[in-house]
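Each chain gets a letter, A, B, C and D, in the order it is written, and its residues are counted from 1.
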Amino acid sequence: MNATRRQVLMFAGGSAVGVMFTPAPWRLITDTALWSENWPGIPAPPRGEIHTRFTNCSICTAGCAVRARCVGDQPVELAGVAGHPISRGALCPFGIVGHHLPYIPARLKEGPVGQAAAAIAGGLAKCGPAEFVVTLDLQPGRTASWTYRRAMGALKNGRYIAPSVDAQVAVDLSKARTVLSFGVPVLDGWGTPGIVNAARAGFRLIQIDAVESRTASMADRWFRVRPNSEEVLAAALAGRISPAQAADATGLAVAEIAALAQELEQGGPVLVLGSSQLESTVGTVVARHETPVPGEWKKSAPVTDLASLPDRSVRVLLIDESMPGGYLQWSAIARKLVADNPVVVTFAASPEGYARHANYALPVAVYPEVSGDVPPAIDSVASTFRIASPLVSPPSGMVNPESFIATAAGLSTGDTLRERADAIHKSARGAVFTYADGQSQPLKDMKPDDFWKVLNAGGCWIDEPGAQTAAKLTFGTAARPPEEESDLPLAIVVARETASGIPLLSKVYRESNLRLAPGYVALNPACGLEDGSQAIFETLLGKATVGVTLDSGIPPGVAQVSATPALLDLCAAGARAKVVRS
Amino acid sequence: MDKQLIARGVSRCPALKFLLWIAPWVALFLFGLYAAALCLIKGLNQTNMDNRFAFGLWIFLDLTVIALGAGAFFTGFLLYILKLDELSSVINSAVVIGLVCYSGAIAVLMVDVGQPLRAWFTFWYPNVHSMLTEVTFCLSCYLTVLAIEYVPIVLRNRKLRQIPSLLVFEFELHKLIYVLAGVGTFLSFFHQGSLGGLYGVLRGRPFAFREGLGLWPSTFFLFILSAAAVGPSFILLTTWMVQIITRKRLVRPEVLQLLGRISGTLLSVYVLAKSVDTLVWINRTSPETGFQAWQYYSWKPFGSWILVAEIVVCGLVPALMLLMPKLRCRTGWLVTGAFLACMGVALNRFVLTVQTLALPTLSFDRFLDYTPSWQETATFLAVVAYGVLVYSFSFRYFQLFPQERELKLETPEVEESELVGRY
Amino acid sequence: MLPWNYGFHWNPGHVIFLGAFYLVLTTLSLTLIAAVRRSRRAIAEHRVQQIGWHADFHDLAPRDRVCRHVLTGEFKRRECPHAFDCRECQTHARLIQNHPAHQPEKPEEELFGMAFPLDRFYHRGHTWVRPEPDGVLTVGLDDLGSRLAGKPGPAGLPLPGSHLEVNGTAFRVYNRGASVRVLSPVDGEVIATGGPEADWILKIRPTSAGEPGLRHLLRGAEIRPWILRELERLQLSLSATAGVATLADGGVLVGDLAASCPIADWDAVCGEMFLEP
Amino acid sequence: MTSANKPIRAARYGMTIDLDRCNGCGACMLACAVENNVPPAHEAATDRKGLTWLRVYKVDNGEAYPGRRTAFVPVMCQHCGNETPCVHVCPQQAVDIDPATGVVGEMPQRCLGCRYCMAACPYHARYFNWWDPAWPLGMEKMLNPGVTPRMRGVVEKCNFCHGRWHAAKEAAAAAGKPDTPVEYTPACVEACPTGAIHFGDLNDPGSTVAKEAAEPGSFRLLEKLNTQPKVYYRSQKEWVRQVASAPRPSAAKEKDRG
């Protein structure tokens, strides 16, 4: 048959109408709606086989055990390892986002490696008899630290400096019935979260704090003293000065102090933290056995502190800040440098630390890119040996400070971690906890290679607990009473739990007001500045631009300062400050 | 030059003068478009809204504008369904106002949502329990109705009516206008109500939450009432303003007074209902949800004055002004009354949208402040400019006020010079 | 949304809600379709002219829509329900039965120097119709109409053979910016067109011969009140647009009104007078 | 508004949070962000324009020292069980309650971004994507494959780690019992160093959450609104339990601000 045009059109139209009465077009529209449901520019998460890897977090000395959920070889999620004898499955907020550490926007990406080496060589050559080559290690007690000490020992005038000298004394929270903390953030970033939380129910926490820190707010008892008057109170409690004197300085009532003293009498054993005036009850402080090292390492430079060096005597200064630890104020360091062009080289991941002052800043790999061991934390009664084995590969151009400094000092090193592991294995002490199976077995039942494997695949060697000791805990230099500086009205309190620059941490400081943001100063709302505004922070040591956070928990006359190097450089112990509109 | 487009027997200002009048509005409109484009392209981060202040100036604008635009449906209802023929002299103007208000509101809504491309999802996966669905459906339908009602007005243009097919179509369509009026009324009753329900159903916001009468919360009915009450007032107001601006007599004073009377009557009913509702809310609804009503007013600046202003100053007072024949027959009082009535409803919409969101619900909440960003404000002004433009053109080229010509013939004493108004 | 869509399920909510929605949509579309179909039919049935006039009539001011019997005082107030087409008007039929229009004695009305011969019928659009013995109807502008039209006179005359219908457009008048159509007084076929020199404009062979076809036209005694009212309207619209009103020149209406007061909006005035708002 | 396959026994997943154990460290917030691919803050973001499915609020008893006390209240979507405010208002069914789990789900890919649900939520637990999500270069390699990132202009919120639930569900199905409620742990629960958060099936009388929820010390936020949240808070401190009720009048607020 031959259809006329009209018939064809009719047929087409009819069928079109007919189709409208079938699900087809409607389903089609619904499905094509997807194009408006997905936008370009939204990153698609990588797919891949999912498996678990283990490591130890080396962001701080807590060295919590980490279970990493990986896609391919990318870690996408970190969590604690349940049943771990030390970290007990806990992971602090920073550890949770530890795998984002390599992505800090301000990360140091390249540095003048060649020039730095040459400059150091030159410095060594120029180094006079009364001058020193110094390695400043912000995280002592590591295997790398031993290498530094050996390297410095190999040099005739090498010195090894660390913020805290005594790494072998630890506290035993489980033994304490009362913990008296002078501004130490016991519950917030101090020690090992797992240990603290486990022991928390066992002790009564008395917090002496100038501001309502997170620890103060969770403490059983909180005494708000005047800033930097903690030591005065400690002295009074130790009976060195009268409660009346202390009352004036601290702003507490005499009765309160007396009551506190009595409380400590009955509440023993008492563990005192953050004070060099008051002593802890014997038994709450233990001396860890030293983690074994190969014999030949012993002939190395001792651990000394900065104060022991004469001023203007440091010709070459090598700073390892690859692992965040204590921070020494730059002004204190600068005093020690020789007058005529000293060589200062820092090994840093971020340009915000000593890189601001050093002649050469060399980029280093960070957790979880780099392999290194984590020294035991202050609250770990037993020595430990755990390796932060890398989860991702570092970007190119990163410098390994350990081998760099060794080479510079002409020291030839092998695989130091392995050597140390073997040394530990030789000692045949303690037990090894394996993360994968959650089993613990005596070290002596293990072959060296298995031990090494376990250490790298997620394991931890735990020594026998240390013995009680009368040794005192040292807490750096005792805080001086505040300067009386009339035009600097604010007393400074350093917030140790400041958030770092890890991108996602914006959740806890910018997208909520949970923590003090880096570069910010918290003030009482009565200070007259607007929340979130920019201001000038000024001390006798200089000034810096800061952001202002208003917090009714901060008493008037106090400035809580975030612990970023730039601000710490301005905040000497007991310093006063003023914050003015910029 | 555009004389051939202007209806015979009415005088409009010279084209140049007209251009001068619209130029600033066009500028404002374009600027607003730019701002809106920013919001569409860069996203709503251009606004000062945030997670807590999820709605802002725009929603306030939508609710207010739609309430004021209610004159269109209500006049249509009175004229075509209740046969109140006096109103035929303002119905065209009412339709244009309605069209402007509704199209403006919908345009702003499109900017206000985060994913305009998905606007049609509401039609595709409608959640029939959501007031917003009701609003979306009714608004879009009613806008269509208004558009159709606007067609005859356009086709009556002097030039267009010379095209036979258009002339005939207009004639036939006008015969069926009753149907449209009916549908429009039906739709309007629903969306005015559901706009009220929008906040009334929020049990999470005890400040706005109201108990239900049947299917809908009380605000549903209050909104219908208030909208119907101010609709005529707004027409009265606009007509009066056009008369002032153009220095012409466009409708007989009796018509304005009639509008006033209608407005006044409904307004008084509304005020009564609103007061009862408020009392119930203060004494039962709010306390039952654990919120003492007085607390809401302890957050400055939203003191209890706002309640007084809404119900008494901008409710009861204008209602009385419009109801008393003595006052009503004086233009000053009439217009003031209408103005206050409109203010009252605007205030009501403001309280329900902005104040609701500003008030904290959790004990550790903050009382929030919010100032619209320039992008928001510009978009807002663009809608105003758009309204003025559409109305200006309609007034110049279409017959918005059928009585104009005869009124002109009735006033021989008016001087030629005066007659040359702005349009 | 639709039974075929994902996630759709029959529950009362959906049924009621969507039912209402679709009902509205249907109503709207049906309304539009109806309007379109009706207008197509109207065009097909050549009712355009008629509809045009009805639209115009609807736009006239109420007091311009009054019944002819109000002019003669038989009614206080009455609006013409038939758009000035008395042929189908029952009321009119009854009235003229009760008292037929008596033939006036004088041959013509003379008002302000305008002559309105009574041997003819007048349309309210200011045209006259004179039945000729041969059954042909002569159509012309009445005196007032021609004064409004002024010198150029009628234009756009229909070609002989074309068909006119009552209240359709007969021809146009252009004068000083004024451009109005003049309503045709009768149905019929144009057989001749007169020029400016002739006193008539069209000769028309009527569709229906005899009086009934002319029933809607004014005659005899109706003329005077009607013209008086028309002059009143003229006065009004002139004064509205021009303010001044110099119609009468010593009691005699000037020849070319437009020329006499140029500032007036003649478009508006002619619109008024020739019933084209 | 229905789930694909309705299980034999419906679960009612819920949480109990011990406020006396919460030291406000924020680990839960971060774990949540990591698990659900919540992007870091845009540089212009504030605590009012941020994305925190789980937000830990710092609350105090409104007194000055020495009376002053502070506590931390983690607030996420409370998964209201009764007349769930957000579910009822969403115009296009982008929010729903899964009858199998009682979890209030959000479908970002269907969300229009009208933010009506945010106005409806008394707990401010819903968050709008004011900006396109952006991660520092290379960091998107570390996104969780179990969850799709959302685009700008849509609302999102806590869904009790739907990704994890889904994985657990699949595992259960593979193990041959697809219809029983599965046990899984949301990221915040797993992350909390002090173990303050517990998660489980409230319908199962044996579960920890069911027991703890029934204890005298436990309460819910704005209980009088009768939204029946499935997140229970616990505290022995009277003043902490008070924070669950309506806001203090502004006078008091002003006082403790100063």
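In this text, a contact is a pair of C-beta atoms (placed from the backbone, for glycine too) under 8 Å apart; a residue touches a chain by one contact, two chains touch by 3 or more.
As the structure is a prediction and not an experimental result, all values here were calculated from the model.
In this structure, the chain pairs B-D and B-C differ in their number of contacting C-beta pairs, and the larger number is found at B-D.
With centres computed as the average of Cα coordinates, no chain lies farther from chain B than A. Taking the mean of the C-alpha atoms as each chain's centre, chain A and chain C sit 97 Å apart.
We define each chain's centre as the mean of its Cα atoms; on that basis chain C and chain D are separated by 77 Å.
For this pair, chain B with chain C, the centres built from the Cα atoms lie 40 Å apart. In chain A, the residues that touch at least two other chains are 30, 37. The set of chain C residues that touch two or more partner chains comprises 1, 5, 7. Counting partner chains per residue, chain B has residues 115, 118, 121, 124-126, 129, 133 touching two or more of them. For chain D in complex with chain A, the residues that touch the partner chain are 23-27, 29-31, 33-35, 37-38, 40-41, 45-47, 50-52, 55-58, 60, 65-66, 68-72, 109-110, 132-133, 135-152, 187, 190-191, 193-195, 256-258. Every residue of chain B that touches chain D in the complex is listed here, in rising order: 43-45, 49-55, 112-115, 118-119, 121-122, 124-127, 129-133, 136, 198-199, 201-206, 288-292, 294-295, 298-300, 356-357, 360-365, 367-368. The touching residues of chain D, when paired with chain B in their complex, are 42, 44, 46, 48-50, 57-59, 73, 75, 83, 85, 88-94, 110-116, 118-124, 126-132, 152-155, 221-227, 242-251, 253. The residues of chain A lying in touch with chain D in their complex are 34, 37-39, 41-48, 50, 71, 74-80, 90-93, 96-97, 99-100, 102-105, 187-188, 193-194, 197, 200, 212, 214-215, 217-218, 224, 503-508, 510-515, 525-526, 532, 552-553, 555.
Of all the residues in chain B, the ones that touch chain C in their complex are 7-9, 11, 123-126, 128-129, 133-134, 137, 141, 144-145, 148, 156, 161, 164-165, 167-173, 175-176, 179-180, 183, 186-187, 399, 402, 405-406, 408-409, 411-412, 415-416.
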